[in-house]
Amino acid sequence: MNKNLLLALVLAITASLAHAQTLRIGLAEDPDILDPTLARSFVGRIVFASLCDKLFDIDEKLNIVPQLATAYQWSADSKSLTMKLRSGVTFHDGEKFNAAAVKFNIERHKNLAGSNRRGELSPVTSVDVIDELTARINLSAPFSPLLSVLADRAGMMVSPKAAQAANFGVKPVCSGPFRFVERIAQDRIVLERYQNYWNKGEIHFDKVVFQPIVDATVRLANLRSGQLDFIERVAPSDIAAIKSDNKLAISRITELGYQGITINVAKSDLGQKNPLGRDPRVREAFELSLDRAGLVQVAMDGESEPGNQWVSPSNGYYAKNNPMPKRDVARAKALLKEAGVTNPSFTLMTPTTSDGQRVAQVVQAMAKEAGFDVKIQSTEFATSLNLADKGQFDAYVLAWSGRADPDGNLFSFYGCKQPLNYHGMCKPQWDELLDRSRSTLDHATRLKLFEQLAAEIAKERPIIYLFHRHWLWAYNKKLSGMRAIPDGLVRVQGLKM
Amino acid sequence: MSAATPQAMMPNVNPASPARRALRRLLRRRGAMLGLVIVVFFVLLALFAPVIAPYDPIATSWSAVRKAPSMQYLFGTDEIGRDVLSRVVWGARASLLAGLVSVGISMALGVPIGLLAAYVGGWTDSLISRFTDSMLAVPFLILAIALAAFLGPSLSNAMIAIGVSATPIFIRLTRAQVLAVKVEDFVEAARAVGNPHWRIALRHILPNVLSPLIVQATLAIAAAIIAEASLSFLGLGQQPPAPSWGSMLNTAKNYVDNAPWMAVWPGLAIFLLVLSFNLLGDGLRDALDPKHM
Amino acid sequence: MLHYLLKRLAAIVPTIFFVTIIIFGLQQLLPGDPAVILAGEDQDPNVIAYLQKKMHLDEPLPVRYGYWIAGVVHGDLGESLRIQQPVLGLIEEKLPVTLELAVIAMLIALVIGIPAGIVSAVGKDTVWDYAANVIALWGLSTPNFWLGILMILLFSVSLGWLPASGYVSPFEDLQANLAAMIMPAFVLGNAIAAVLMRHTRSAMLQVLNADYVRTARAKGLDERSVVLKHALRNALTPIITLGALEFGTLLSGAVLTEQVFSIPGFGKLIVDAVFNRDYAVVQGVVLFTSSVYIVLNLLADLAYFLVNPRLRG
């Protein structure tokens, strides 16, 4: 009996030892406000993935998979979405998750002052509570990106009770696998395991600590020295070194976003003063002067997928009728001649990030061979956004983190007067095609519409897409269960050390 | 040295003679000479960069990205296949300019203001001193960052930003030195003889406060070269693809692990140039110090 | 004495007033609408409008300045719109970190700088002088962030002796705290040691030639006591002033050092806030550091006044 007791004790100790584990994740930036309604940064979404569950999630192949909603049904007119909710889910403060909570959260996203979700949920008119675990979202018009929107921050559910507090973002209360413990700005965000998590069998850590370390070299140094277990956004040039380190592993997947050059065509008078903005042939010549594969090789150490559209060539919505043009300097020169321009000169504004500067310099050198005189103006990011917004630029190197639905990479960039439409073009056909793609749920029909759109946009080329970066994660080899999801967020479910 | 006593009472009666003596003293100092040689070397490098550099500093070569030093590329190549040696040679221009021009700006602004404050005194002094105090109270780099961001990113704007941000140091130092010298006997004597204020300030006070200013200017040139690197680091200095050692270092820091040569050479260049200014400054200080007479 | 003290204290008011003007002016100089940058990558116009209103960007400059100053007077420095935390709380959180870093760096600077300066002045033109100069030159000629990166590579990556970055509270784990602080403190202190050494050297050289030192020597006092008692005491005056001035340099240096080592202190707070255009944080934190600096300056001036009897009249 004594023996049994001892054995039990030993088992208990080893069990608790095995479980008393912390996952330390190095982030590339310090997240902003930790309130899903107000949050505005990409990096914050990485923290939310451990903290706040969403109605839906996406998988490796961008399929919508259940999270807090277990099933859904579109109405016949596609104007309402009925969701069956998971039972037995509680928020970190013990409050119940139910249809009323869904209604509260969607309304909060729509109505809270300064909400960054309002735009994503603009077609949502109301939410009905059908029963305790059934909720229905009503729309003013069919809106196909809705599910993917609900698989992101707009689908995150916070505790209605805790959300009454002012400054909720200082101490967020959600229903995810980990609960908020503390945040020391620019130092760390500490989360601890939520004991009543509905899917706790998949959670193998007691704590998650996020540490923002901006410098990629230093982030990697911390991983190597064992201060961190996991880092995101590894610099492509460090991949070779990580590969040769037998204690580390790498995961990668092509991002949902893109790196591209937006050209000021009609954002301001400046657009028409420059041959690049004035004449689509000059823009085509510029595109033809670029060797995307070479650019990726030189600027990104090959860790990107060359692309010429808002989604990558491997995406299901890639418009195959608009293939990636090969570099053709002779044709580029011919086009310039046709347009009657010799040695067109323009300023390429680029944020001061090392990625941006490298891309700009390689583009400069490549375009020079076709006769372009590209002047690089590297500008601090905050200033560059403002200049872009005011149309005070010729061309702008801009990256977009991407959304699961192509609409998220398109609508705001090509829609007339939309906030991210920095080229400034307003085309009724584009708007019409964009609207139609939003109102149909069928993949094949949408793909057709995107192909039409791609063909139309190819006539103008206000955005020259260059490539889609790989999300690169490096981590301790002992860590298993890493899933590479194209949205670049870390799913803690299933991660094990 | 029999005529030394009146000379000390009213120095610079014959300005050429102490200057020549100072030069002679300077030439005797080996450290200073070494510094001078290195500074001259870099100045020549900057002036004749087009002749000296083996390659075009902004010409890229896709087949030679981050190549280690070799006979073809003595200092190796950088992240987009440019010759590091050529960039270091051309980069001397940016760094020398950044150091000299910004300190020139600081001194041109700071010394007269400091002199004015200390010599005139009263409300003028109070106002200038309070403003100097408040400028000094704001961290230097923050001031420079804000000014450079406001002026827009370029090498010349970075120099202005650094120069203006460093001005209060010169105001304060000049003022403190002048205050100390102002009460010295030879100034009293000059005043008693009936010299006008400007003459006392320029001929009797200024030469006697120069040596600490020169020490400070030496440090300031060093600091300015490093400040230019810091601003480049934040995207507020030299614009790509034009080379400056600071911007080279900042790019290089992303590759220290796999292309250390990218960082070694510009770092070494900064080190040498700053070192030479310091050696030279020290020599000047000893040579100019009137107490050594 | 009392008169001088009062005069000096009274001078603080206009100085701080100028500081608020400079800080506020600098903010306005910065290009880029803070609401636009805070709105993040979506650039939702509703959010931008909301943020502009919240920051009073729709109101004239003097009114905005008034809002800020009114808050400051009531001890309210506002709130970071980026992370929704009060600025005062952020200062409370970061102050001990930067203070510890600055104090350790200053200690390192003093321990290296002053003895090196004395040795090189006393042994002018000897090997000691050259050696001390070489140390000083090294410290002055290496860019902070560069030295930081090199040290991380050497001590963290290659040797694995020290953590690459981060910060641990000394109350949590003193050893880990010191391990994390030693590299950034050295990087910071290194440059200041050089400045202190040079100034100690020149101050000592001046003093060593002064009449009273000659007199002391002539009186037959041994060189050690001449140097330490007579010369150093008088040379200390400019060194104290510079030490206080260098504290400002420390804060400036901390800006980049904290960035490299990911130390969550004031420097990192300010720089990130400048780039994020988080106005309340920039204004609050710069005002705070500037005020600290002004007080340090005051203390230095008082010290100057106390040791320099000639100024007392």
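Here the chain labels run A, B and C in written order, and each chain numbers its own residues starting at 1.
Here, contacts are C-beta pairs under 8 Å (C-beta built on N, C-alpha and C of every residue); 3 or more make two chains touch, one makes a residue touch a chain.
Note that the coordinates shown come from a computational prediction; the quantities given were computed from them, not determined experimentally.
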### Summary
Min distance from chain CA centroid to global CA centroid: chain C
### Task
Any chance you could check whether B-C or A-B wins on number of contacting C-beta pairs?
B-C
#### Entry: chain A and chain C, separation of their C-alpha mean positions in angstrom
39
### Task
Determine the centre-to-centre distance between chain B and chain C, using the mean Cα coordinates as centres, and give it in whole Å.
21
### Message
Between chain A and chain B, what distance separates the C-alpha centroids? Give it in angstrom.
### Response
46
### Query
For chain B, which residues are shared contacts with two or more other chains?
149, 253, 256-257
### Query
Residues of chain A that touch two or more other chains: which are they?
215, 217, 380, 383
## Note on the structure
Listed in rising order, chain C residues that touch 2 or more other chains are 31, 149, 153, 157
### Message
Considering only the defined contacts, which chain A positions touch chain C in the complex?
### Response
30-35, 38-42, 113-116, 118-119, 167, 169-170, 183-187, 211-215, 217-218, 221-222, 224-225, 227, 380-383, 385-386, 389, 400-401, 412, 419-420
### Task
Would you mind writing out the residues of chain C in touch with chain B in their complex?
11, 14-19, 21-23, 26-27, 29-31, 130, 133, 136-137, 140-146, 149-150, 153, 157, 195, 198, 202, 206, 209, 241, 245, 248-249, 251-253, 255-256, 267, 270-271, 274, 286, 289-291, 293-294, 297, 310
### Task
Over in the complex, which chain C residues touch chain A? Could you list them?
31-34, 36-47, 50-51, 54, 80, 82-85, 90, 93-94, 149, 152-153, 156-157, 160, 163-167, 259-262, 264, 268-269, 272, 275-277
### Footprint of chain C on chain B - complex, ascending
31, 126-127, 129-131, 133-143, 145-147, 149-150, 152, 169, 172, 176, 183, 212, 215, 219, 222, 226, 229-230, 233, 246, 249, 253, 256-257, 263, 267, 270-272, 274-275, 278-279, 282, 285, 291
### Summary
Note: in the complex, chain A contacts chain B through residues 215-217, 220, 235, 237-238, 240-241, 294, 297-299, 351-352, 354, 357-358, 360-362, 364-365, 376-380, 383
